[in-house]
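You will see chain A twice below: alongside chain B first, and alongside chain C after that.
Showing the complex of A and B:
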């Protein structure tokens, strides 16, 4: 099974870093879609089949937290596995996100951290053998 | 100027440069001559239990290396000025996000605004709360912090042995 991924971050460089980490991870990737804020992320979720969302929190137009809130109000979107990749340092906010079933990765991150978290969320079966 | 705040500013900036962009630095006690040199200056503002901003000034010659390292670009690969500026903005975003919990503790919630490049129209910071310097391979980096009010008012833990700063 190839995984369709949506990366939501207002930094193009950060989106590229995450994309490269995903491509190095051994994950069987279908399509990688990108969005620069939560609003664009919601649009992408409406237009494409997405298996995994990776999102920042602090973004203009619509924050990641607002986007996740909207996803959880939609039966067709609320079960999509979501990983937050952020500089967020507030345990209060992180715990609030975790209660919604989200995983959290702190910036700066290592490619291994991305791989291990995705594996934790999606399982080893969507990874190629050498990295599984 | 608060020396404890300045020290934390330098530590978090150096750590972020190393982890995010594989750029190694040395702290500089004295202010290197950055005025008048070709520098790229980027800022991010934040709000929360206290508000303020963070500013990073890097030699223009380091901008390309920063972006290449962050993106893992191939040797000789040219990155656009937009990508290079975006890398700088992400750098200060990560520095700020990692600095605030060091200063205020890990329970306080802050909101970071989108980082921006400083231009002639940008506000002048006459009296920053903290300033620190780092030496890079190709020049000096200056990092400054502005707080809406005095740091002692908002950060009672600035004493060397007490509060979040000591952690």
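Showing the complex of A and C:
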């Protein structure tokens, strides 16, 4: 099974780094879609079949948290595994996200951390050896 | 056969070989293994960048991370290893002097390694880095198994 990924971050450099990390990880990737804020993220979710969302929190127009809130109100989107990658320092906010079943990765991150978290969420079956 | 990798040294092996390196402090220990070709290599590099002594680096590239890592990969490729199959593990890069370590050699060794791997699209499968303890590695080339001895305890990496 190839995994379609949506990367939501207002920094193009950060989106490229996450994209490269995913490509290096051995994950069987279908398409990688990118969005610069939560609004664009919701549009991408409406237009494409997405299996995994990797999102930042603090973004203009619509934050990651608002986007996740909207996703959770939609039966077709609320079960999509979501990983938050952010510089967020507030422990209460992080805990609040975790109670919604989200995984959290602190920036700066290592590409190995992203791989391990995705493996945790999706299982090692969607990874090619030897990285699995 | 047990093959000992000294400080500032790199060795490769095949099925039946065990590559061993002792007392990794701030040095980098890097293992590369191809599970299909059953070949592997172990590097024990001392310092991050060869630019401080290019002449020494020409004589012994394994002394520095920026010249030793390419040497390790090339040597494993020459033995039949293929990049897409390689499993890479790192150990060492600690600070044995604790907070008194002003040069931060271990930290810099790790940074240079991660930069090289990032540029070449390679992720580490496992790592045991940092801290003050010294590490010893036994790398069984047959299985790719790595036994890490650290602080009197032994375990797989």
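The rule is short, and it goes like this: the second predicted complex is superposed on the first by the 132 of 132 C-alpha atoms of A that agree within 3 Å, B and C clash if a C-alpha of one lies under 4 Å from a C-alpha of the other, contacts with A are read in each partner's own complex, and residues count from 1 in each chain.
Please note the rule applied: contacts are C-beta pairs under 8 Å (C-beta built on N, C-alpha and C of every residue); 3 or more make two chains touch, one makes a residue touch a chain.
What you see is a predicted model, and the numbers here were worked out from it, not measured in a lab.
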**Message:** With both complexes overlaid on chain A, does A:25 touch chain B (first), chain C (second), both or neither?
**Reply:** second
**Item:** Partner chain(s) touched by A:79 [first = chain B, second = chain C, both, neither]
**Value:** neither
**Message:** Quick check for you: in the superposed arrangement, does A:14 touch first (chain B), second (chain C), both or neither?
**Reply:** first
**Request:** Kindly classify A:108 by the partners it touches after superposition: chain B alone (first), chain C alone (second), both, or neither?
**Result:** first
**Message:** Going by the contact rule set out at the top, does A:124 touch chain B (first), chain C (second), both, or neither?
**Reply:** neither
**Prompt:** Looking at chain A, does chain B or chain C touch a larger number of its residues?
**Reply:** B
**Request:** Check the residue A:87 against both partner chains and state whether it touches chain B (first), chain C (second), both, or neither.
**Result:** first
**Contacts on chain A seen with chain B and repeated with chain C across the two complexes** = 20
**Request:** Flag every residue of chain A that touches chain C in the complex, lowest number first.
**Result:** 20-21, 23-26, 110-112, 115, 129-131
**Request:** Within their complex, state which residues of chain A touch chain B.
**Result:** 10-14, 16-17, 20, 58-60, 86-93, 107-108
**Item:** Partner chain A, residues of chain C touching it in the complex
**Value:** 35, 85-87, 114, 118, 121-125, 127
**Prompt:** Which of the residues in chain B end up touching chain A in this complex?
**Reply:** 16, 19-20, 67, 70-72, 82-83, 86-87, 89-90, 93-94, 96-98, 100-102, 106-114
